[in-house]
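What follows is a set of structures to go through.
What follows is chain A paired twice: with chain B in the first complex and chain C in the second.
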Partner chain A sequence: MGKYIVKRIFLMLFTLLVITLICFVLVRMLPPAELPLNDPHTKIIELRREAAGYNKPYLVQFWIFLKNVVTKFDWGVSDKLYFGQDVAAIFLTKLPATVIVNLYSIILSIPIGIALGVWAALKKNTWIDYTISTLTMIVISVPSFVYAFIIQYVLSFKLGWFPFLMKAGTDWLSWGMFVSMLPAVLSLSFTVIAGFTRTTRAELTEVLTSEFMLLARTKGLTRAQATVRHALKNCAVVVVPAIFGEFIGIMAGSLVIEKIFAIPGVGNLYLNAINGRDYNIFMLDSCFYTAIGLAAGIVVDISYGFIDPRIRMGSKK
Partner chain B sequence: MSKNLSKLLALVLALAMLFALAACGEKTPAAEQPTEQPAEQPAEQPAEQPAETPAEPATYTYQDSVSTMATNWNPHTYQTTDDSYPADFLRAGLYSFWFNDELHPVEGKEPYTGYVIVPEMAASEPVDVTEQIKAERPEFNIPESATAGYAYTIDLNPNAVWEDGTPINADTYVYSMKQLLNPDLLNYRATDYYAGDLCIAGAENYALQGQLEYSPIGVSTSEFLAAGGNVEDLLVDAYDFWNADASYTDAEGNALPQYVSVTDETVYGENVDDAFSGKQLYDEYLGAGAAYEAYSADELYTITGQYETGLDYDTTVGCFKSGDYQITLVFGKSLAGFNLLYNLSSNWIVKEDLYEANLSESNGVWSSTYNTSVETTSSYGPYKLVTYQADKFMKFEKNENWYGWTDGKHVYVDPEDGETYPMYQTDIIETEVVAEAETRKLMFLKGELMTYGLQASDFATYRNSDYVYFTPSETIFFLILNGYKQAIENREAAADFDTATADLQMLTNLNFRKAIAVTYDKELFASTVSPSRSGGYGIIGNAYIYDPDTGARYRDTDQAKKALCAFYSVNVDDFGGDLDAAVASITGYDPETAKELFATAFAEGLEAGYITDADNDGVSDQTITLEYSMSSDSDFMTRTIDYLNEKMAEVTAGTPFDGKIKFAKSAPYGNDWSNKIKAGLADTVLGGWSGSALNPFGLTDLYVNPSYQYDGQWFVSDDVDMTLEVEGEEITMDIHRWSDALNGATVTADNGKDYCFGDGIADVETRLDILAAIETVILGTYDYLPMLQDASAALLSKQVFYVVDEYNPIMGRGGIQYLKYNYNDADWAAYVAAEGGELTY
Partner chain C sequence: MTDNKNNAYQHIDKSRFVFTQMDTALHDTKLETKSRSYLADAWLRFRKNKSSVVAAFIIAFLLIFALVSPIISPYTINDKDRFYQSYAPYVEAIAEKHIGIFDGATTRSSQNEKSMTFWRGIAEETGRDPVLRILNTVTTQTTHRGKTRDVYSYTIETNQYYEKGMIYSVFSYAEFEKIQAWQDETGIQVIYPYVEPKDIAGITDNPNLWYKVDSSGAAKLDADGNFVPVYSTNQALAGAEYHSLRIPGDDGSYVYSTAKSGAVQCRVNYYNYYTYVNGHEPFYLFGTNSMGQDLFMAIGIGARFSIIFAVLVSAINLFIGAIYGSIEGYYGGAIDLTMERISDILGGIPFVVATTLFQLHLAQKVGVVPSFLFAFVLTGWLGMAALTRRQFYRFKGQEFILAARTLGASDARLMFKHIFPNSIGTIITSVALVIPSVISSETQLTYLGIINLSDFAGTSIGTLMSQGQVAMTSAPHAIFFPSLFISLLLISFNLFGNGLRDAFNPTTRGEDD
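Here is the complex of A and B:
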């Protein structure tokens, strides 16, 4: 198992390197942001770009980039959005907001999603199941930013329960901050809840019809005991890894949500970097999301082994 | 048991929902604010608080929103208008603009219809010391003939200090200028002090030390070679001539430099399928006898030198200390009067210790984090920064060390009640990033924002609101029409272009273009596609002031009105000689004339072989599809194209082009849209130019200079002569030279005499005559069909009001300086609550 994990981590780093190289070269092949014609300021910008190595061959540029990142964790300075400021420092100040909003969303979504899924599975082919399944399909089909506007209008504007935007400040774990994050958290959660509901219902429905469940009932367990002790455990083999997968999904979905609710996170930063062609910020953000995705893949794979002892990782037998 | 399990699940669900909604009853941060104002809400005072406790003063908070938060407000490096946002609060210029009122009267002007310029960070008006500096400091090369306008001493305000009390004196100004121009730092704003009207002597040489200097050869290649010039010395400006940029690389990935030797055979651009070499450009286009040799004067360069290195600031740059609280500024070109004070209404000073602490160098590139956070910011203006969270929030509070609170000068007389009030009633400014317009609107209606910029969908509701304010801006948007014959022929020659059913050549027919020009009602167009804007009629908009002293606008002059009448074929005599009535009658829409012009164009098109009418039904066999050069798709684009097509269909009904002219969106070209138009690869687009609101004359260069022209490939301004009578003398020259002369260059007319009609040299009426004549010629090309006068509209919160309703091009409506409050924060919260938490405007 240990050897398998090391191997996966090594492969992950190699994949990350390749993706980073591709991103870097593609980005550097793009023209730098246009400079206004005949604007005297452009001369200064061109001189700065020259000094920053924009005119060197791509592989030389990549080598310099990689060396700085690995040896000094120096991702360069922003040359557009945060002119002259350290990209890594900017990124790190924004990471907590993104992580915490996504964590809240996962924490909210898991119990609701699983509970609804279990309920629907237990009430299979009843009006409860039909209602939950239909709502799940509707909710999963609507992008999260639609919920964002509905929530802003209903909960913030009409009812006045929440502020329109996330609170300013860095007191991430304060009550005020939590309350101000809830509209964003709710917006992100609807789709995730629907996802968990669907996965749980599908898996549990299958498990409940298994022969071992019949055996469990015949040996005298109540339906609840059989469901909790046997069915849910088997169901977890699929549901738990899905939690890690959803985390990545939410991170991607939060790009737009962060903008709508003024969450000063890395998702918003990513969008701004793309729009503003701030390549150093774009590279750091891309590497971050790539690394998270790759790491989640490993965690999901490894989690199978822990959840289901029948699954062996890295075994040659 | 199954019932029990259902109950258990229902309980889990309920708990989860509770988790989500537990805090619903909590107050929002905005709702908490009023509780900080106990004096305004006696009912909320804690019971134990003694009644005699002195009431805290009322607080006035300005709640603003931006879509992009400032990230760098360093006066030496900021680049965008977003970044300049904090400047109004944190900084002050040497001179500033105030409304004229009873305390600051302007002769002949009603209060609040003009402005005065007052010393701010300066202590008094600048004193001209040109003669003295010319004698004492020859290194600044003040022209021998100059007697004024080149050097000034400025006494500094001795009460000005940084927010921590550190004095601001002459050393501050000199240190700051030295850092601004420091050649190692490559500061973005350095050019502001040598490349424009404000040209500090020696600043350019000091800032660009070691850089190569390029100059256009100014003559044709043949003339250059005939005069003994060497081909090896020539470089082509590939960025301009080939429309290339640094994304063009050679085989090794090296980026294309702007200037490439004409003997250099290195191929650039294979990565973008547009490859060329310097030698190829010379041989095929710009060399002696080549197709585009006429462009060589502007496109071929020689290295004329290298900026000297090792320069000493003190003996090079014309900004030095002449007293503890006095600086002397020496200019490379003369600057006086309004323009001098206007250019000194911004400031370049930085706080030395903070600035030094925030400079860093990496791989030879210097960066500064000065003015990027609360810690790296020190104010010397009326407010100071107290909170900053990047991309989120910033908060300003009154800077108690600002001299303006106590100098007794920063007061004004209210035009309504005649009372005197201190400026800057606002105590706190809170600015938050709100990206979505819909969110801004909801927050505004909740009383959480001071303004809301109207979107197109809001106009039906708020157009007539008492709280809506329209603000004109400088830009005129015109419909650019492709007239590049060669490019059109090339497009028609393409294999996939069926000339039996489609045509583009009609675009080059003048009557066809004229017909399009009178097909659209400009006001109707504006109200349909962009209601905050109004119809545009000339290439120079309503906001341009030609006389800053009086605020007189170009568009209000007789010359400008006559130019419009000429273009729209309006006979003033039909209005009893009333020029204003004649101009007021112009809508841009004349369907009868348009039909006649289309018919004439049809006949001419048939004769020229552009179109056919094989079945003799009197209708063109070809459809003319004008590709609209779209940067990106949007609702605005859709509305525009739909409107253009709808009205075109109406006007061409019954003409030979009935149903035969269509506007179609191009693929999204991004920033390349203008290149497509310039190259004749797209046929039309709404484009615009704007310039300095105080200098309409400078706009002419945009229409005659190939570097700027959209129609540079088919309208050569050097070939278009214009004759004007100036002070009894008839002068003929091409409009490029007229434009240059109007903007201060000395040019030689066809009669061999030199002329200059620049500011302060020619009288203003003459300049207006020239400007209007150039506008008439440009409009007459039908390359630019004015459509929209840019403007914006915004709702203003009931919590505040402007001291004047009328927009002043220089003062606006007074900004934060003159903003007045109907309600303090506590009263406002109470008012909003009384309105049910939802305001109506």
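Here is the complex of A and C:
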């Protein structure tokens, strides 16, 4: 198992490196942002660009970039949006908003999703199952911004329960902030709930029809006992890794939801960086998204192995 | 295949082979029933799935809508009205019936007596009453200089198209003549008598005042509660000769225009002027968006692009993915490992990053749409390749492949004649599910503004939604209709795809991944 994890992490780092290199070269091929003439930062940024090797071959530039990132976590300075400021510092101030909103959404939606999934599976082929499955299907199909509009219009505008946009400020854990985040949290939750309902239902229906369930009933367990002790445990093999994956994914957040509710998170920063052509921020955000995506995949795979000894791919190979 | 054992048989003399059963009678009876092909079987199963059939009809309806709506709408994507922006659905024929739909209604709260009089002024002059109904009246009592009186505050619904009333407009002399000719021909009054600012307390920015007002713009009514018209009779002001329709109560002395540096300025009834310019009255089945475009037509235009684009992307991805996956799955081993590594790396690139990079680099060289297409293709085929690869691993060890190989089939023949047709069901199904996901991503990216398709396709559903969001509280229809369309499209495509999958692979019925 240990060997497998090391191998997976090594492969992930390799993939990340290749993607970063491609991104890096493509970004550096673009002409760098023009600097205003009479700004005290201009001189500094020019010097920093010189130090970053802007006139050297791309591979040399990449090496300098990599060295700075690994040793000093230095991603360069913003030359457009936040003129002269350190990109990594800006990024870190944006992270809490994204993480907190998505964390609330996951805490809200995972129990609901699993509960609905279990209910549908236990009532398989009844109207309850059909209703839940059809709703899941519909909810998954509709893009999250449609929910965002419905929530914004009905809950924030018509009923006036919530503010329209997220509150400004950095008091992340205060009550007022929580309330102002709720519309965004709800909009994100629909899709997550539906996803978990679907996974749980599919897995549990399969487990419930397997032979060991029959054996459990034959040896005298009641249906409830058999379900809780045997079916749910086996069902967890699929559901728990999905939860882990979802937790890693929360940092990436959702561009659309962040834009609609004006959440000052990484997604919004990314959009601003694209529109404002601020390449250093773009580079950092791109690497961040890539890393999150890869990490989520790896965590899911490894947790499979931890939960179910039968699926230890590394040991088989 | 090319080891020694196989080669050893190649040197046997052909004459030594004889058929063993050439003359013996076979006692196998022919099948009595008609044989049913794979596709026919799938079709039978598909028809039994009610929700998918309904979904298929909805898809058909939406496709027809996308095809037909820009044709039957009297507007094109370039018709952007200056004033009718973010206005609610309005159809003259239905609005006349006063049944509360298609009447361009918007809700206005806290309207006092002054604003109610203002609406009445518009109604009296244009003949179209903007106030549709009074929803709520709040009475408050105020005491002013020892006298208590009731103050009313109304919540009303108004017709936005009628609300516009008059506008000031500048015409060339030729245009002025043309409008007069049109007036004579149709009997619709476009140009209304001019009102001098000095007669309406010096107010110059409100063309809807034609009666005596105080300096705040509130009407000064006469003893009977009627308006006191203050139309200009100062012939010296007249910008050009007017010989067309005159409003009731005009004894021929009213002035209809005023000189304005080589042109004339008039008070124009915008609703009628609109009819003059467009050749028909406003006709907005879904209302207008914040650009003043007809939503009914714009949704069709956006959807056309989305659907064609999604089908194109799916086809390209299917093609690349099927070939890539076939090679991976068929050869296995080192080739598979290397190719898997490449897909791993590509699969790690977040889609939005790829789109942005393509947009930054390629958009200027090859255009927005091709670079967008590349971004979709770059990572889009991975799923299809993985699927094909799995199918190949499933089938390549089976006996019929061994049989075909024994009969001398080449690799390419084995791959595309023997193995691939067996996985076609799975692949078709996944294409049906890829289409909605492409549409969804495309809508999100255009909504975010990362991609702007307006120059190429005119508009897109995502763009319409982001335009609708600007005025969401006052004009919810502008976001409602695109949202409804995209949701219906995605839901029905997904239901349809699921139905297809169940029909093609009865064994995986009910599983959702």
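The rule is short, and it goes like this: the second predicted complex is superposed on the first by the 277 of 317 C-alpha atoms of A that agree within 3 Å, B and C clash if a C-alpha of one lies under 4 Å from a C-alpha of the other, contacts with A are read in each partner's own complex, and residues count from 1 in each chain.
Following the convention adopted for this analysis, a contact is a pair of C-beta atoms (placed from the backbone, for glycine too) under 8 Å apart; a residue touches a chain by one contact, two chains touch by 3 or more.
Keep in mind it's a predicted model, so treat the numbers as computed, not measured.
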{"item": "First, second, both or neither for A:Ala216, with chain B first and chain C second", "value": "neither"}
{"item": "Contacts of A:Lys259 with chain B and chain C, given as first, second, both or neither", "value": "both"}
{"item": "Which of chain B and chain C A:Leu284 touches, first, second, both or neither", "value": "neither"}
{"item": "Partner chain in contact with A:Leu208 - chain B first, chain C second, else both or neither", "value": "neither"}
{"item": "First, second, both or neither for A:Gln152, with chain B first and chain C second", "value": "both"}
{"item": "First, second, both or neither for A:Leu30, with chain B first and chain C second", "value": "both"}
{"item": "If touched residues of chain A are counted for chain B and for chain C, the larger one", "value": "B"}
{"item": "Which of chain B and chain C A:Thr227 touches, first, second, both or neither", "value": "first"}
{"item": "Which superposed partner A:Ile106 touches (first chain B, second chain C, both, neither)", "value": "neither"}
{"item": "Partner chain in contact with A:Ala236 - chain B first, chain C second, else both or neither", "value": "neither"}
{"item": "Chain B/chain C common contact set on chain A", "value": "29-30, 149, 152-153, 157, 259-260"}
{"item": "In the complex, chain A residues that touch chain B", "value": "29-32, 34, 37-38, 40-41, 43-49, 51-59, 64, 74, 77, 81-86, 90, 93-94, 108, 111-112, 115-116, 118-119, 122-123, 149, 152-153, 155-157, 159-165, 167-170, 175-176, 178-180, 182, 185-186, 189, 222-224, 227, 259-260, 262, 264, 268-269, 272"}
{"item": "Complex contact set, residues of chain C against chain A", "value": "51, 344-345, 348-350, 352-353, 356-357, 360-361, 436, 440, 443-444, 447-450, 465, 469, 472-473, 476, 479, 483, 486-487, 490-491, 493-495, 498, 510-513"}
{"item": "Of all residues in chain B, those that touch chain A in their complex", "value": "1-2, 4-6, 8-10, 12-13, 15-17, 19-21, 23-26, 28-31, 68, 71-72, 77-79, 83, 186-191, 195-196, 208, 211, 240, 245-247, 252-255, 257-258, 271, 362-365, 367-369, 372, 387, 389-393, 432-436, 438-439, 442-443, 445-446, 448, 671, 707-708, 837-838"}
{"item": "Chain A - residues contacting chain C, complex", "value": "11, 15-16, 18-19, 22-23, 26-27, 29-30, 134, 137-138, 140-143, 145-146, 149-150, 152-153, 157, 198-199, 201-202, 205-206, 255-256, 259-260, 270-271, 274-275, 282, 286, 289-290, 293-294"}
